[in-house]
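Structure record follows, encoded as structure tokens.
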Amino acid sequence: MDIKDEKLKLEFPGQVHPSADGGILVTKLDEVINWARSNSLWPLVFGTSCCAIEMMSAADAKYDWSRFGFEVARATPRQADLIIVAGTIVMKMAPVLKRLYDQMPEPKYVIAMGACTISGGPFFYNTYSVVKGVDHVIPVDVYIPGCPPRPEALLHAMITLQEKIKHEPYFRKAKEDTK
Amino acid sequence: MKLLLAYSFANLTSAIHSGLSGSMGNETLVLITEMVITGICLLGFLVILSFFLGYMERKVAAFMQIRLGPNRVGPKGSLQIVADTVKLLFKEGLTPDASDKFLFNLAPFIVVVTSMLVMAPMAFAKGFQIWDLNIGILYVSSISSMGVIGILMAGWSSNNKYSLLGAMRSGAQIVSYELSIGLSLISIVILTGSLRISDIVMSQQNGWWLFKGHIPVIISFIIFIIASTAEINRAPFDLAEAESELTAGFHTEYSGMKFAMFLLSEYINLFVVSAIAATIFLGGWMPFHIGSWEGFNHIMDYIPSSLWFFGKTFFIIFVIMWFRWTFPRLRVDQLLNLEWKYLLPISMVNILLVTLIAIMGWHF
Amino acid sequence: MSALIEEDYITEEGEFVINIGPQHPSTHGVLHIKAWLDGETIKKVQPHLGYIHRSIEKMSESLSYRNFIFVTSRMDYISAHINNEACALAVEKGLQIEAPPRAQVIRILMAELTRLASHQLWWGATGLDLGAITPFFHAFREREAIITIMENTCGARLTQNYMVPGGVMYDLHPDFQKETKAIVKQVKEKLGEYEDLLTGNVIFEQRTKGVGYISKEDAISYGCSGPTARASGVSCDVRKWFPYDGYDKVVFDEVLDTGGDCYARYMVRMREMVQCCDIIDQLIDNIPEGDFQAKTKNVIKLPKGEFYQRVETARGELGVYLVSDGAASPYRIKYRSPNFSNLSALEHMAVGGKIGDLVAIMATLDLVIPDIDR
Amino acid sequence: MTNEELKQRFTELLPGAIYDETGEFLNVIINSEVLLPFVKELRNNDTLSFDYLFCLTCVDWKDHLMMVYHLLSKDHKHTVVVKAKITDITNPEIESVSSIWKTANFHEREVYDLFGVKFLNHPDLRRIFLDEDWPGHPLRKNYVDENMIEI
């Protein structure tokens, strides 16, 4: 959890940090919201192929992603925060994936799990129906390489996503947008 | 020490009442103030309760499923539900474009409000009751069946076929199981001769009805547990939100806080039915007494009444959770078969037996 | 939610169409099933495929005979070993070589472990589909142990890529025998627990008995294979009918049932797990010494001709139809996948039932969608 | 029945059939026009009774398309491969066998999708994997797709 501080340490001593717009209250609220959001990532039940089995493995007793509070897998996109694209996306599936992503309420996150979702993976050459990377369809937050990635890799990706969320501005962003 | 144990909540409430009367004077004003205080306390209690139940559910699930359950957020994962709730609060609450927007937004409130209303006649401890009305049981069973209106509204207004199917299932389910619940409650009403919750609790001074009432009461207790599990839409009767069939059933289109309300009402309902079962069949806050064993009864009285109440309630909650994590789900026609072909005839015959026991005075 | 198709939402008075899938928990992937309902009763079912059609057959036409095998791991990924084995055997048939005895035994062992793991996954998923969540976790306990054994030897958890033309890629891990014995013992013990948790449950029996019936004649006509067909009394175990890799030297029973319903399919798979354990028990102490791989040329070229190889995967008969024109890559490959044919019987089974029945049928068919779409 | 006996029976049924025994199975190569009555006889004749169609596919040989039917008899345990040659590659057509074996329904849709072979009297001939508006039929050797990255 100390990455924030680590980053500050790396910067040169004379660095002038711009104060967070809104001051202490808003910053603290941001922290609370981000804490809640990062610790309550409910994934959408969405698996297209092999990686879905590793996703199921991540839920099982050995890897047990419920430790982090991820086990509330929702079957409806309306209640999910996170879409783990586990498996190849083909041309026929791409509109469906886009639709699912659109149906999710903000804030929403995407993890591209496996080589297929990064670039088409093993199905890159000589295929006529595979989407070469899921980021052609929806924006991706975290990529996990592997064919399929191990459950530990998925857990790592989700923890990485938690880190990412912890640095997100919520109130501050709204201010920046109006500027 | 003895003073502390014998302390009754009645003292506290009367102290507040006299304090308020002293400062305000106007009876109506005092009543309103007291109501507001009670409401706020109840809301706080319900929120904490649903946090706890959510946490308990996930931990019980983990226990059944040989895993650990939440353990990263807060000590032993206890803040997991808080994080979930805060997240849901700040999540976008979508209203689908093609939905009936008024009903869609109203439905979760109806569901929550009805389940909160049932808390009114609950006797949490000796002398600790919000409203000891004389038709307590009737009130509980009539109010609790109103929640289905909210569910039907949610399902219909979502303009989603899964929601509609879920709501229809829920409607059929609650309307049928309401009968069994009513009949099993009536069996105790017959024995007690009163609908007032406090009378029912007091009638179990020399032993809980479950033990006093012979086999018929045990049968109605089992029927009550089955039927109330169905009434609150929990597995194995969770057809209204059957995840593997209807994705999320009637709340498929709900997101953010509106969805959290459904979750909240689910947990409140779970608590309510368990509390009723504990009150009616297991003596509510009444300690475990055996007939005329004065010494034993006296020792039991040392355990605070609220502990008795919550202990019993949470035991029943645990049993209902146990159901959820072990049984497969019924099919919709089997669900109705179970009610109309088995539970209802059994409870009707049971009523006769209970009446016989009551008339002949065979109970202890 | 579903990809909605513009045509016929409501076709008749009182009838309505729901789209189950492509994203739906009970379709085990991205199958899209369009169901015409009357209330809750299913009047017509139409599967829509292709949401994971990855053009594996086209791809294989440009891959070498060594490489195309590994793409099949992604087809029926739950029995990846057996898929690879089918392709390796097809190439061996073309080369007219046979794997050395050690390799054959290793292949059988791996295939049976895969079948065991696959059936465990299916058992968990069946529970999940029928609303019981706990079986999933109990099944995965044993499955993870098996996967770990495979990982030790093959280096991968799911898509092992262990079979090569002429044998297997590496020799076994030194601990393989010890670990396998332990897991077989564990599975045999836990099978009783599985039975307690799901099989004997009243609700489970009600949900599955008499649901999704298919007769023997229909099962043959629909081209069903594997446990789905055997539950209807069709003898179709490729290991018995057309033994490969020395299955004729192993003693085991072909599990048959005559129920033809979901419960029969369930029981066939449960009893097959016991058979898997028996086969492993027979072989684990008798792995012959010797080479684990026959010598093959670096660039394999098959003679002109057609080779058909079928194997018994956990879901049924997988056929590899390999057409060679003498070049270094196949001219045409057709995978006759078991799920594809089994799925075609879905409509026959589901019509007249409820939505819950449809879910139960799909669960006991044990569909793997990428295997259907290829 | 052995392959020799099968050959004899087939010659009685269809004098013009060509046989190929180089592979694992007995291959019967026939013209696409005579397919339906021939396979109907294979299915319904009690001594043949090929009731299990375990593979149905097509091979594009550039100048002609070859429909391949792998048939097995569950009772007699004999196997035969029936191949029907379609010479018209621009507009290939063949009779559907889905009335004989129900599994052919899906398999023929797959062939229609990937090879463009039109099956006459098929109950539900739609593309099975690809979208209805997909250009071309991918498993044909003359299929070109600009988006496809080849090595």
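Residue numbering begins at 1 within each chain, and the chains themselves are lettered A, B, C and D in the order written.
Just so it is clear, a contact is a pair of C-beta atoms (placed from the backbone, for glycine too) under 8 Å apart; a residue touches a chain by one contact, two chains touch by 3 or more.
Predicted model, so just to flag it, every value in this text is computed and none were measured.
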Of A-C and A-B, the pair with more C-beta contacts is A-C
Between chain A and chain C, centroid-to-centroid distance (C-alpha), Å: 32
Averaging C-alpha coordinates per chain, one finds the centres of chain A and chain B separated by a number of Å equal to 37
State, to the nearest whole Å, the distance from the C-alpha centre of chain A to the C-alpha centre of chain D. 47
Cα centroid separation, chain B vs chain D, in Å, comes to 64
If a residue has to touch 2 or more other chains to count, which residues of chain D qualify? 129-131, 138, 150-151
Multi-chain contact residues (two or more partners), chain B: 65-67, 243-244, 247, 252
Going by residue number, chain A touches two or more other chains at 60-61, 75-76, 92, 125-129
So which chains end up touching which? A-B, A-C, A-D, B-C, C-D
Where on chain A does chain C make contact in their complex? 44-50, 52-54, 56-57, 60-62, 75-77, 87-88, 90, 92-93, 95-96, 99-100, 103, 122-123, 125-130, 147-148, 150
In the complex with chain C, residue positions of chain B that touch it: 61, 64-67, 160-162, 165, 169, 235-236, 238, 242-247, 252, 325-334
Chain A residues touching chain B - in the complex, by the definition given at the top: 32-33, 35-37, 39-40, 42, 60-61, 64, 66-69, 71-72, 74-76, 78-79, 81, 105-107, 170
Contact residues on chain A for chain D in the complex? 91-92, 124-129, 132
In the complex, chain C touches chain B at residues 1, 16, 18, 24-26, 40, 127-134, 136-138, 141, 197-198, 201, 203-204, 206-207, 354-357, 359
